[in-house]
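Shared chain: subunit A. Partners: subunit B in the first complex, subunit C in the second.
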Partner chain A sequence: MAYFGNNPQRGELQELYADLNDLNFEKKKEAVKKVIAYMTVGKDVSELFQSVIKCLEFNDIEMKKLIYLYIVNYSRQKPDDAIMVIQNFRKDVRKSENPLVRALAIRTFGCLRVPKLNEYLIEPLKDCIQDDDPYVRKTAVLCVPKVFEVSPDICPALLEQLQKLLEKESNALVLANLIQSMREIEVVSGKQLINLNQKIIQKLLLAVDECIEWGQIFILDYLATHNPQDSKQAEIIIERTLPRLSHINPTVTFCAVKVILKYLDFLDNGELVKNLCKKVAPSLISLLSWNQPEVQYTILRNISLILQKFPILFENEVKVFFCSFNEPYYIKYEKLDIMVRICDSKNFGQVLNELLIYLNEADPHFVRKTIKSIGKIAITYDKALEKAVSILVEFAKNVQQPTEPVQELLMQMQLIYKKSKQMYKYDESLKIIYSIVDYANEPESKSACAWILGEFGEYIPKSVEKMKEYIDNFQMEDRLVQLQLLTSAVQLYLKYPSQCATIIQQLITSAKDSFNPDVRDRTYIYWRLLSTDPEVVKNLVCFNSGVVSNFSKDLRLWETQDLVLALENMGSISNLFHKLPHQLYKNIKIKINNQHDVKIYKGEEKPDTQPQPQAQNQQDGSNQNNKKDQQQQQDIDLLSFDEPPSNININNNNNNKTDVFELI
Partner chain B sequence: MFSQIFILSPRGDTIINRDFRSDLPKSTPETFFRQAKTYSGDANPLFTVDCIQFAHIKRGGLYIVGTSRFNLQPAMSLELLDRLAKEIKDFCGVINEEVLRKNFILIYEILDESFDFGYPQLMATEQIKPLIVNDPIQPQPDSVMNSLRPKIQTFNIFVPNTIGSQAVQRSVLNKNQANEIFVDIYEKLNVLFNSSAYVINQSIEGCIQMTSFLQGNPPLKLALNDDLQIGRQQGQYSAGVILDDCNFHECVNANELDMNKTLRIQPPDGQFVVMNYRISGDYAAPFRLFPIIEEISSSKIEVTIKLKACFDAKIIASYATIRIPIPKQTANAYTELVKNAQQETAEYDSNKKMVEWQIKKLNGGQERSLKIKLTLQATQTAHTARKEIGPIAMNFEIPMFNVSRLQIKYLRIEERGNTTNPHRWVRYITQSSSYVCRI
Partner chain C sequence: MISSIVFINHKGEILIYRVYKDDITRSETTQFCAKIVATKENKECPIINIDGTSFIHITIKDIVVLATTKVNVNVAMTLQFLYQLVKVCRAYFGGEFDENCIKKHFVLIYEILDEVMDYGVPQIADADLLKKYIQEGGLKPELMNDVEKLKQLTSQATGATSWRPPNLVYRKNEVYLDVIESVNVLMSVKGTILKADVAGSIQVKCLLSGMPECKFGMNDKLLMQREPRKPGQTTTDKGITIDDLKFHQCVKLPKFDKERAITFIPPDGQFELMTYRITENINLPFKIMPVYNELGKNKLEIRVKIKSIFEKNLFATNLAIKIPVPKNTANVTTNSAIGKAKHEPDQQGVIWRIKKYPGDFEALLRCEIDLGQTTNQQPWIKPPISMEFQVPMFTASGLRVRFLRIYEKAGYKPTKWIRYITKAGEYLHRL
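Entry: the complex of A and B
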């Protein structure tokens, strides 16, 4: 840590050295302070170690604090010198009348992190764990994981003592620290240390009431990882946790929510579950209204996770997630996302009406997200389809510039038409959408336009001219657009063979030498196809998939077995990223969870549509079905050529290379 | 939890650096500062570099940073840093570079009591006061901020029983302070109107806040309305004050709230929030806005906005500001107030395309109006441009008024035989949080 030029001048060190060895106590104290100041800014004052240590002989607590700070910083650099301090520590721990000094010594001792010093630590530490003063106990308890991390092999006796302490300890703060340090050792060692029994749970629950807020967090957080024996126990724990829901510290509230949601699974009484949900929801909503936006954001991110398992919580509360105009953009985006998730057959009208208003906002990104959300709702909820489309079409009527929202609009319309082809008739939507295709300037939106052109060529006036325009600029387009153009042009050719003959030739000539292998391959495969029977090609390319019933976009964030793990980590940073902890950190080991069956808490049954939860239930039982569906989905993709199935293409190319030239 | 906590100056110099776990490289402060400087504005409160989580807040230009290798709880980390800043402020009076440099030893002491092994321990000023031995060093005497600094008692002889069983410990107070207590009821309103002044969505976020200078911190009893009810049942209508939800400070015992609507409070020193509450039910919005838009010709639009104060005439709202966004294609805008309007201004900001209407004072029951005449650029017609007008947002503050009708019936000191009768001050303040009218 020391580098050139950053060391105090030799003269300075010497001066400090002289002051430290001065007989005047005040002078010594000043010198120690100076040493600490140097240390803080990163200058190397380790040379003074011995002189500093000598000052320990004074029984002055301020001086002690300073010197301990110094020792902690340099002990690993000078382990041999640090041994000299041991006697002082032991004296402090054993002889001092003042609990503050005892605690200070044991705390500092733990921070030395020198393996060979730790054996001297065991005995004093044992004494401290049994100290009469809770302040010393709480410090000693936290000292154990510090030692365990450096030298785990000398710890078994200490761990036993911790377990004993857990049985008899009554001070809330000590208990909180005890739980936290035992948990940490459990994580490091991978062994179970805490044996929760009825008595200890009772004690912990009592401690939660008396503890300071951070201690409450430790204990609640721990309880959330526990699996209760039976419904009765779960009920007790929930009951004792309920008052924490109205704590002013958002983390305490959130931990309480976590505990309650976890234990709901174990309750037998359905009515009780419903009542509890009614109690949890307001607290979560309150977290959104009282805190600064950063905290709100973390809560929102977690709500979208909670929603997957507990749709019941917010079924009547969609209004809470309406954006207000002065919120930061990240809150707005998150709220939009949640509104889509919360949308169901009962409230889709309300949600869509609200989204409709957002379309008038000035911020183009926000409007874009809004359009995406409307599209998602249209695709996911059959009942909402018509209303959503009418909103989008209305928006399209007023488009005058190639703005960002327009790009999104075109993309979403493509998805909607894919889901239900009949929608093109609705409200003259096709005509209106087609009138804005010239405003497309992103690859995705352009490819959406090309798709519309190919799919609905017969309903669009002058579609062939438009296609020619596209093909004239073929070389300039993005790969994505080129691929879609190929498919669409072939589709159009099959619909108007005579008018499109020149176009298709022009296209193949310019595309067959493309640098992009996907484009080239697709060109060749169409080329070859066209040279066979046009009827067969028509069946393949203009495949009418009818209504794709299984199109509902999956709004689930997690697979079921991951959901359990994610819920356990509720509130942590990994959930903020919507990731699992081990995906984010390499140093975290997880218990593999094979629990496929996750209870979903829905509100009253809505007989007509249960789009999303049903998909989940299905997944548990019938994986096979799912696979079949996936297969089907892939087939459709194959035919509309969203994703080029490249391997098939290549094979075909090699076999029939000679035929290729017959066409032109 | 936290591996390190450090405090950096605005230039990136380390002022305080406490390493709790020694599991991160010594260069993390530099890593942090380099990354924080890559943001164009303020750095994100939380970011990750090389698997290290950095959480930070900025106070007095200084970065207060916590680092971790673990799966932090983001909300909690920020809350912790905020509390730490509050503690430092309580002890040193202000947070700035000079003060922190002078008091760095004191701050190490605070850090050591507040965190152990990176886990939060005692984090309330009252709790750690007895454990701190250093006195704060004041940089310049007699500044206003310093006079507000709480006086700190130094204990060289330690009193045993460091941690009481109660969550919040009382501390010995200075004798020469005035014996008084202030209670504020703040309410922030969220209201959303549609164009015909019909309320689409409304809520109140309120809090009861106390600032206590009571000698000896006696327990208090605070009584609220008799018709108070907590928790809203679906489809239930009641004349009383219904809170959807509320939460309380640690020092508050709310067990009797349901029974006789009283809170028992063991007040700590200084300012604290007794209770937060949230109301989503209907209430009479204090202001109503009536916007009227007329297309005079294809390039001219006239916007008339009427404002009505719907509260008691004795109450006066102050500093009401109404902002009306107007079309981007506006060439010109004239504002027209009612003749002989007093303490009222309306200005058009051509950069922001916004009309700002300010009313310094407005008595209840009064009405005001504003007319805006817009001339559009040739490129846009009035018909499409009118969609760009709005939403109208309003800011205001109304002292001595609250919408929820939540009231403090009495505030008593529970100890009998207390001869001095402290001064009690109660204020009600209503503010706008998001008061918006769509067009």
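Entry: the complex of A and C
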């Protein structure tokens, strides 16, 4: 049976037309199948509408389904012809004793989506909502939002009927569909339809035990949006949800986690909260070993959010996030990200040992991110500094090409040196890093090299020659590099005034006419200052950062208020992109979270370092961006931050921004 | 919820196209096919947003199964649903799922799609249940006209025990239990265990009449602590710690949560009763000890010693140890006392196969690798050594089934069979 041939020939439609009108039943059926096959590949077969619906007269359910599929597809193109089938549907719904046929008819009827046909639908639909057979009822309740979307004005009676059904329905599956259907209508209409009271909550909780997995998900999903009246109610809901943690469908488990985490906030009993966390954690970890990488990915993406509110869940569990060799890279990236987040002053050794292995991976982006992570850990934990630096220096020893990871390496080393300059003055590492500066080919990494040159000029052999080399190419460099070169060259000049006199002159000559106002301004400032009072320049450029600045670990911290909202939407698309629903979907109203004090669930230990005010050790004029803006940017623009670094070359103009992110 | 479900082949051609909500146009989907599927970008991330439409997809061999949506759906559920859909299709096509059988059975697939999802909301998607009322070539007319039978069917489908049809009769009542454990372990270069866990599964084949109520017990530490000690009985088995358990939908979860008892009315035939995860006190059946030497610019030597750590009277079967070699390997000479080792270029490794391997036994393989000339200066990225094996009648976790009690009105005594097997999951040793 070759239904999927090449494109239909010119005469094919006529041929089909003939077959559809043939008296032989088998021939008709074959023809209908062919019509559907054409429809699938995107060929317009709407011309055959009348002939196809004529075939409905046979009581063959397979063919009926195909014809219905066809009608649904073309009903809006041919509303007048579609009227002809109405009688058929009504007959099926009212007269058929077969519940499957009744359900099929009402299901398809709802999908016609032609406003003027919907009037004919109301009465049969009302009957179906009250049908004896739960299979018909579960189909009928889902039919209401279909009608509501197209003609909301004729629906009030139906909505009322749904609300009544919610009170009295006892079948779990119908209830689950009912909840889902009412939620859909709520989204479209923007009005609340479900009046949740104690009795209905009880009913829903009971239904969770009895209905199919998807139904459980609908109900749990819905409960997660509800705010309980008091601690008692929250406790009951949690208690009834707990068993779901053992369900084999990972999404059910995940939704149960969502409900439990949500209601934890409302509990008064601290001991209970701790116990619940102990129960949730292993379940969540099991989901990570689920054998479908796509599902794993969604869970990992959500875990990075959960972590912010519930650091307690993954204490001592860093191992579960170790990457295995054959995993897809999109998973590895997430795991790496999470590993850095749960790295602390105790387990950093374990994490660094693991990251060391990833430096051998084949994918340069991934290696780059690994280096960045190592840098982050080094900067965050004083104890980790030595080990991290030794790993990075070891990596630098084997560098032979200007690869992507090398760029990151130079950038991270700059940050590390910035943080603890005194430590590395005479260090072997400086020489090794200096030996690879020629491999820098991105603006950020070049500027990092220029910084090192200016800052450590006296400890590096032939620093003046190197600087001259840079200045010879000054015009070709990116603005970011130019700015840094200006500062570094002045620094070097102050260290070796006689040797650098000519290069400073050369630099000023080429930079003072720059098209870029920032570069021009800076050149003039240095120029004037140098000619008036070199001491002032010294104070300006040779900044001695005696204070160890605080580098915050979580670059992407959410406002805790937003976090509560995000966790309510666990598993959803918006969370996957680390956004709030209303940021991604315009039709979703901004939901204000009324919960004022948001709890963060930490373990017993106190944090390693107390947050300190950020030291102003940024000399680069380019980094003077408003701090507040950065914060907001991080809150909202999480996605762009998260993209693999491949875009960096394209975004040269935005380099400032990236640089700022690096420094906080 | 979900706007459409689409099956796409690897060239980006649409095979099946079913719309549930008309907020999406066909051209948006073809755009996705052209941009993402045809360029293989779909391997990079399971969800892609293009102009306000989210494309959530999984890839099964060459087929991309796609769900599109314009609203904030639960992605985990959607992915799970797509997997379930593939599972249902496989059940109908005898385990196959490829372009040919999709094309051949497209009418049936449309029927299935009509049933498993309504208005973008997932519905009954259990293959055994669906088979009762969706069959290739249509249902038998007898069933279609037998209102009583149909009612029974719909009430089963929507009822609380949708997985089991009533009134089953077996002449001989039997239950087969299979405890299957996969050991995942990752060892560092030095041989320290970085992570180890057991992912276990209990498969049941159930041939029982009527509506039996089953109660199942293992040497679960938490459960055994609850049980009252019988006087005079001293038991050395204290039980094992299970990190987490996940159950088939038939298991009464509230009862498990309260009493930690596993009770259920089983589906008919084969099903997975539960899966579990254990991280404490794992008995690793094999130890791998590799030594890696560079004998010169173009010569490597890898020696691998393996040791079985289980009782002498047990045997492991079908061992395959994969030792990675560089791409530019020209020739490998291997030397081992048992099994066969061979360089398999398509696997980029030496595969050492041993049919049967006794307990408490050591074996050594020595590989000398000659490298060819290569222009590529990149150092060789060494993948880990991996291992496959099966050890029957052994559980790495120490899990034991203690009882399976079956109560049925008819009061029959079923025959019960049980097997244990431990397999290698990701059994890796970094080189």
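One rule holds for everything that comes next: the second predicted complex is superposed on the first by the 471 of 664 C-alpha atoms of A that agree within 3 Å, B and C clash if a C-alpha of one lies under 4 Å from a C-alpha of the other, contacts with A are read in each partner's own complex, and residues count from 1 in each chain.
Note that in this section contacts are C-beta pairs under 8 Å (C-beta built on N, C-alpha and C of every residue); 3 or more make two chains touch, one makes a residue touch a chain.
These numbers were taken from a predicted model, which means no experiment stands behind them.
Colleague: Which holds for A:172: it touches subunit B only (first), subunit C only (second), both, or neither?
Modeller: Both partners, subunit B and subunit C.
Colleague: Going by the contact rule set out at the top, does A:242 touch subunit B (first), subunit C (second), both, or neither?
Modeller: Only subunit C is touched by A:242; subunit B is not.
Colleague: Taking the superposition as given, does A:299 touch the first partner, subunit B, the second, subunit C, both, or neither?
Modeller: So A:299 meets both subunit B and subunit C here.
Colleague: So which one touches more of the residues on subunit A, subunit B or subunit C?
Modeller: C
Colleague: Give one of first, second, both or neither to describe whether A:134 is in contact with subunit B, with subunit C, with both, or with none.
Modeller: both
Colleague: Just checking: does A:188 make contact with subunit B only, subunit C only, both, or neither of them? Give me first, second, both or neither.
Modeller: Touch partners of A:188: none, neither subunit B nor subunit C.
Colleague: Which holds for A:329: it touches subunit B only (first), subunit C only (second), both, or neither?
Modeller: second
Colleague: Which holds for A:107: it touches subunit B only (first), subunit C only (second), both, or neither?
Modeller: both
Colleague: Where does A:357 make contact in the superposed view: on subunit B (first), on subunit C (second), on both, or on neither?
Modeller: Both subunit B and subunit C are touched by A:357.
Colleague: Which parts of subunit A are touched by subunit B and by subunit C alike?
Modeller: 1, 33, 36-37, 40-42, 61-62, 65-66, 69, 73, 76, 98-100, 107, 110-111, 113, 133-135, 138-139, 142-143, 145-146, 171-173, 177, 180-181, 210-214, 217-218, 246-251, 253-254, 282-283, 285-286, 289, 294-295, 298-299, 319, 322, 324-326, 357, 360, 362, 398, 400, 569, 571-574, 576, 581, 584-585, 588
Colleague: Which of the residues in subunit A come into contact with subunit C in the complex?
Modeller: 1, 3-4, 33, 36-37, 39-42, 60-63, 65-66, 68-69, 72-73, 76, 97-100, 104, 107, 110-111, 113, 133-136, 138-139, 142-143, 145-146, 171-174, 177, 180-181, 184, 187, 209-214, 217-218, 221, 240, 242-244, 246-251, 253-255, 282-283, 285-286, 289, 292-295, 297-299, 319-320, 322, 324-326, 328-330, 353-354, 357, 360-362, 398, 400-401, 569, 571-574, 576-577, 581, 584-585, 588
Colleague: Would you mind writing out the residues of subunit C in touch with subunit A in their complex?
Modeller: Contacts found on subunit C: 1, 13-19, 22, 26, 30, 43-47, 49, 54, 58, 69, 71-77, 79-81, 83, 103-104, 106-107, 110-111, 114, 118-119, 121-126, 133, 137-139, 144-145, 147, 150-151, 154-155, 157-160, 162, 184, 186, 188, 194-195, 197, 199, 243-249, 251-254, 256-257, 272, 274-275, 277, 377, 379, 381-384, 426, 428, 430.
Colleague: Once bound in the complex, which stretches of subunit A touch subunit B?
Modeller: That would be residues 1, 33, 36-37, 40-42, 61-62, 65-66, 69, 73, 76, 98-101, 107, 110-111, 113, 133-135, 138-139, 142-143, 145-146, 171-173, 177, 180-181, 210-214, 217-218, 245-251, 253-254, 279, 282-283, 285-286, 289-291, 294-295, 298-299, 316, 319, 322, 324-326, 357, 360, 362, 398, 400, 569, 571-574, 576, 581, 584-588 of subunit A.
Colleague: So in the complex, which bits of subunit B are touching subunit A?
Modeller: For subunit B paired with subunit A, touching residues are 13-17, 19-20, 22, 26, 45-46, 51, 53, 69-76, 78-80, 104-105, 108-109, 112, 116-117, 119-124, 127, 131, 133-134, 156, 158, 160-163, 165-167, 190, 192, 201, 203, 205, 207, 231, 234, 244-250, 254, 273, 276, 278, 325, 384, 387-388, 390-391, 393, 434, 436, 438.
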